[in-house]
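What follows is a group of structures, each given as structure tokens.
Two complexes, one shared chain (chain A), two partners (chain B, chain C).
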Partner chain A sequence: MLRYLVLLLAILMPLKSLAITPEEVMKNSQAAFLYPGRDFKARVVMRLISKSGSVRTRELTMLRKNYGETGGDQKYFMYFFQPADVKDMTFMVYKYPGRDDDRWLFIPALNMVRRIAAQDSRSSFVGSDFTYEDVSGRDLADDSHEIVGEEKLGGADCFVVKSTPKAGDTDYSHKLSWMDKKTFLPLKEEYFDKRGDLYKVFTAEEIKDVNGFPTIVKRTMKNLQSGHSTETAFTKVDYNMGIEDSLFTERYLKQPPRKWIE
Partner chain B sequence: MKKFSLVEFSVGHPRLVVAIAVLITLGFLTQFPKIRTDTNPKNMLPPTSDVRVWNDEVEKTFGLYEDMIVVGIANEAGILNEGTLGKVVHITDEALRIKGVAARDVNSFSTITNVTAEAGVLRIAPLMAEPPAGPDLENLRKNLFENPLFVNRIISADGKTTAVYIPLEKGANGKEIADRLRDIVNKEGGPEKYYITGDPVARDTFGSEMFKLMGIFSPISGMVMFAAACIMFRSFLFPVFIMMPAMMIIIWSMGLLIGMGFPIHIMSSMSPVFLMAIATDSIHIFNEFYFRCREKKDKRAAIIETMKAVGTPLIYTDITTAAGFASLLFANIIPVKVFGFGIAFGTLALLLSSFTLVPALLTLIDIEKLKSAYEKEDIRVSKTSFFLQRLGGLGTGRPKTVAVIGLILCIVAIIGITKITVNNNMVEWFKKDSDVRTADSVINRALGGTSLGYVVAISDEDGYMKTPEAMRYIEGLQRHLEGLPAVGKTSSVVDYVKRINRVLHDDDPKYDTVPDSKDEIGQYLFLFSMSAKSSDLDNVVDYPFGKANIWVQLKSWDVAAMRSVIEAANEYKASHPEKFELKPAGTAYFNLVWNDDVLWDMLKGFIVALIAVFIILAFNFRSVKWAVVGYVPLLFTILLIYGAVGYMGKDFDMPISVLSCLSLGMAVDFAIHFISRLRQRLTETGYGNPHETKPLIEALLWTAARPGKGIMRNAVLFASAFSVMLFAPLTPYITVGAFIVSMMILSAILTMIYLPAMIVLFRRRLFGGG
Partner chain C sequence: MIRILLYACLATLVLVAQKAYAGDFSIHGFLQGNYSLGIETSNPDGGDLKWAEERGQLKLEGAQEALRLFLKTDVSFDHLNENGEFELREAYLDLTQKRWDLRVGRQIVTWGLGDLIFINDIFPKDYEAFFSGRPLEYLKKGTDAIKAGFYPDIASFELVIIPFFEPNNFPDSNRFWMYDPMPGVTNRVQKEPASNIRNTEAALRVYRDIAGFDASIYAYKGFYRSPSMVPDSFTSPTRIELIYPELSVYGVSLQRSAFGGIAGFEAGYYDSLDDRSGTDPLIPNSQTRFLLSYQRQVIEDFSVTVQYYGEYTHDYAEYESTRIAAFPKEPRFRDLASIRLTYLIMHQNMRLQWFSFWSPVDRDYLLNPEVRYNFTDHVWAALGANVFGGKKDTTQFGSLDKNDNMYMQARYEF
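Showing the complex of A and B:
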């Protein structure tokens, strides 16, 4: 009898003592998903697919540079190739934890750089099903996190984390994330609306190792309610190239250097 | 003849016949739990119809919602104050939580996309998150009234009304959502007034009223009929026998429709009342039976002789009625077809019961109990008969005067008919003081209009909509359409482009125009799509930018309003040749199409019924001449009613056009009874010489007094059943009630006056040739 009891305790104990906190899972995930490397570059092709199957394509080069630790400041630079009539358009974001981003847009037809207000980080990123937040991340402190289970997803062991926004200003009431225990990349995310219904699903379809960084190179966001979805593919991914700070200035918005955008 | 063996069998085995009838009825009754209703006017046309396929395609291409509920919020003191705006935010917030609401596309002050430039920063975001105060409020006011995308959409020009637009997911329960919204606004209270409107609200209100009508009005009209019959026959038993077959065939016919899987639609919801009224045809049996009972004391013989006398006219009246309804089978509109089929089936079932169940029931009566009642049934003492003889006497006494008056009335009626306007307005199906109508008129007055149509510009070149030429073309078309009195507001992709152009140029009104290059337009649209809700653009342009959707808000649900839009669009196209096509779409367009379809169907049905009824009459009387005479009261009745419709200025709408067909089959019944019985009488009395008028007039007066009493009883019962509908909560039912009541009374009176007059006038032609 005692033997069984000890065994039972032995089974339960490690779970208790070795358990990772949900905050740690999220922090690790943030580091793996949004902050890997000092800088990052990818050619991004987004296919915006309407319910009826029509497709709009967005093609851009995305550059990112980290300033500080995971969860710290970041700068993004984007150059658009497609749609054709926006070729040469560039977009720059300074992202700060805890306050609104700064955004600038260069409009080639007017040869004009405009600052763009960024009140709503939940708004769509270039018309896709991804929001600005989905692209550049959300402050971990804005949500309360809870591990609600551990599941196998496509062969990978995952933590299932439930994140509930503390303020009511989001379009979703809570989110479930399946975090790969090895890479800490999100393999799936489910967004639930304010009525508690599942309405948006993120899935990571392909993960590649680039310079030692596991990188999601194919991902999809599907809106179950509107039937709209966005497929995103990353190519020409690179890390730690040594992007200069000067790239992230108005001057280069107007005339982006070839070597970075190609 | 076969029918008499049927009668004899029924008289011989009354209990068996009743038992079989009850069993069949129970069989049909088992289908009732499967009942479904369908109040969506969309289902008037099959999903494969061109207009529905096209509308579905447009909805899909532009990500549009089929259904939208609009919550109007009005404050006499203006809505731009913290209190009212707080309520708007709160109501919107609550609405987003309702199941079935397409939350991502709800538009109101707190969710609608606003494009502004503040201190050099371009801002594309919802108009306001929190109700502003002080200087921010002034800023909001400026933003609102400067932006044509907002005026007449979320704010009225006088600033006193706003609206929350709530699109519904496919298959959402519109009624539940509307009820929930009502709770929400009721909780808000305050000096503001709230109006909840939109297609789903109207439809569901209509649906519940329809059930009320079936559940309350049908039984009431049954009871009214029963009471009238009790007075007429001075007995309780007879009316029970009139009502029983009526109830039975209602169950048969409704059970059949339900069992075949048809949902109850506005048309078929009227079936019980129609069938009840048609069942009054069996009055002729009871009417004659009363007379016969008094003359012959043997019940069995009285029954068989009664059936011999009224059998033939009964067959023909039921067949003409069935033919009138069956003519609806030629309709394209499915619910109309179903209705026609159900009533035609019910009428034939009634015919069968007249030869089986009714004689069986009569056999089961204890005739002694009726004695006191039928003793008075004598045309020499009956006041009604005396009155009817006087009525017939008008025709026989002064046939020429009567004919001339008739001709004059006909001419007057025809002038009235030329004044008829063809129109249909579904909101006007509700009474003027109903919530639906009030909400609709308030929102129409204050905002751009609740009835929505689209004009889709289609180019076969991808990206063409981004060219300045296309943009200017659409802009011109919008201004042209806005010149129409029926159009409240139009919106298109051009409005967004102009807005962004202006905002990017430091809000300089000079730039409130279409830019000069395609790149510029493309970049503006991209810029807009970077932050706006995806639906903002999707609703107005398709993915490859080859098609543009122009929203046309109409101030009226009249189909004429959309017609004027289509004409104006064609006019514009003719005077401004461009590379693209313009095609109408949307609910307003759908209503126009099916309205035209109904009218065309009905016209077709009317002609078919007209011919069918004539052929049946000619066959019945074995004479074309008599058929022509029998036709006179029918045509006269229809002319008078439609003449009155014309003078009253009532639109010739869906309910009226449907009635035109079936009225033919019913209005001719009296003439059939009258002529059949008259000719029977003339044969009995041996009339042969057309130069002799006295025996003819005597026979006519007898017919007016005896079978005429049956006609009168029939008309009064029929009219009393339908008069209940005059108190119905929905105007189509009122229209139907008024139409049928006046038709029955008119055709009865016209039969009594004009048939004798015509027969006297044309006696040489009618009897001369043989």
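Showing the complex of A and C:
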């Protein structure tokens, strides 16, 4: 009897760990990567490095607040420090699953708030190799997902997930993601173009535990075809600070509160 | 006098702020060269440059808890008049509380949805800066004002009180060819409204989200910022007074995502308080003005904005029967269409831009192509042109026909 029970357990155990669906992996990853905490803050420094090695810098404070569950609405507030010609600009995004974002930009020299058209979330974020989607996420339902293997990457056991966009309006044909089985953070992503050639690679270089949330604090997106790459570092990361709803309004877009942007 | 006192107060505050909040003080600014060359004909005064200056700007900011002080001062050297100028662009103190805030001093206020079309933005503008190819921020002039914001749950309120009248600035007649109905009369006197309680201007904006729309309502009581010409005699004038008639404006604006882009609507009723019947030929009649706009990102980093603007003159029969023959006849309905194309390339380091106005009624236009490149994170330069034209030389852009110019802006920012 005991022998059968052990056998049954032995059969069930690996089955249970294997039984995770690709959708669950992606959902867990979305929760760990883009939705941790009720709110989030980071000072973001992006180094845009051209093929010849010249560097442009973008520096901003990014604040995020979740509304609802993982995959639900989010609001983002960004304040720019660099480059000099966008200093003091602020940018606000209301992100909704399943439809276009609402975006507002504040231009301090004219003391003017402008709404910005936002149809293409595959657009570059502030000229970098990251897209808006890389910053704030992509609807999971827009792709079909498939676990194509399990691999060790830098000592971490990973699921390898292939995501193929259902619509043909993306700049890539499919993406491979290496998801850490423990944290569900993406450690590497490979984007393949329409001809099936590898053209963009995302790598997570450093992961830190911040208030119990594993957080990628150094990441790079490299465009293999243009040779351009963007290195992003997060500092001053914090979670669950209790950001008020009122921050995400025109009032504070025009007068960003110091306690949040510093 | 009040103005001098205000600035004395602000200057004192700056000094106090510098000492007290030394730890929370920042200085930024730029050095800039800005040149514009006429490419059609020489200027009325014989020169060829519409603008030529070097300019330095300092932005000083200090903050402590609920208080924030901001100063933006320009020092420039103008090669056309060979003189240096010191200009206080903005100087204000902010007081921020949970449910309200206050901004006191010289400040730039921008309202409404229009892209270079202003209905409910009744704050002073500098059209000379715009037509001469100066950076866009110089289109807006600072206003010496008190702005109060109130933020109850139901809506947000902005109230701007302007004790000192500031007219719009128009191109200098030495540098710009413009239509003048009475060119023989050179004795001209500006008669700006005096600064007193009765003449204090007030502007109110109430805004909130309504079903996904950014919705605002506006009200203004003050003056036209473009002057009306009042000659001392119609038959043999020797002297012209430039007056600023009383004006109230009531308006609305709505904007939201729609049709794969952003659609906007703005309207305003211009109530000409000094000529409500429309029978005074020297003062503008009341008008209804509206604007439709649509913006869309066509492909990555390429966006298109189109606008259609119209102004309808009320009491037109009265205008027709009393108008002065020497002045060009205004149409009952005047419209204006605009298009802006913006394309960012090279990791957004280069911006290609096209902006143009076209008035179907006036049959005149303004074309403004511009290319701008960020050489480094601190240095950028822009090259552009303003081309004006039209069927008649009495309309807004038609009268500027001979002033086509090419401009260059180069800036080091820190």
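Structure notes:
Following the convention adopted for this analysis, the second predicted complex is superposed on the first by the 245 of 262 C-alpha atoms of A that agree within 3 Å, B and C clash if a C-alpha of one lies under 4 Å from a C-alpha of the other, contacts with A are read in each partner's own complex, and residues count from 1 in each chain.
The rule we apply is simple: a contact is a pair of C-beta atoms (placed from the backbone, for glycine too) under 8 Å apart; a residue touches a chain by one contact, two chains touch by 3 or more.
Source: prediction; values computed, not measured.
Considered on the superposed chain A, chain B and chain C are sterically incompatible, since they clash. In the superposed model, A:L110 makes contact with both chain B and chain C.
Of the two partner chains, neither chain B nor chain C is touched by A:L153. In the superposition on chain A, A:D100 makes contact with chain C only, while chain B stays out of contact range.
Look at A:R251: by the touch rule set out above, it reaches chain C but stays clear of chain B. In the superposition on chain A, contact of A:T57 is made with chain C only, not with chain B. Using the contact criterion defined above for the overlaid structures, shared-chain residue A:L224 touches neither chain B nor chain C, since it reaches no partner.
In the superposition on chain A, contact of A:D85 is made with both chain B and chain C. In the superposed model, A:V126 makes contact with both chain B and chain C. The contact surfaces that chain B and chain C form on chain A in the two complexes overlap at residues 50, 56, 83-85, 109-110, 112, 115-117, 119-120, 123-124, 126-127, 228.
Remark: chain C residues 28, 30, 63, 94, 96, 101, 107-110, 136-137, 139-140, 149, 151, 156, 207, 214, 255, 257, 260-262, 264, 295-297, 299-301, 303, 344, 347-349, 374, 376-378, 380, 411, 413-414 touch chain A in the complex. Residue ranges of chain A in contact with chain C, taken from their complex: 48, 50, 56-57, 82-85, 87, 100, 102, 109-112, 115-120, 122-124, 126-128, 228, 246, 249-251, 255, 257-258. By the touch rule above, chain B contacts chain A in their complex via residues 60-61, 63, 96-99, 102-104, 118, 120-126, 129, 169, 463, 466, 504, 515, 517-523, 526-527, 529-535, 537-538, 542-544. Contacts from chain A toward chain B in the complex involve residues 50-52, 54-56, 80, 83-86, 89, 91, 105, 107-110, 112, 114-117, 119-120, 123-127, 169, 171, 193-195, 197, 223, 225-226, 228.
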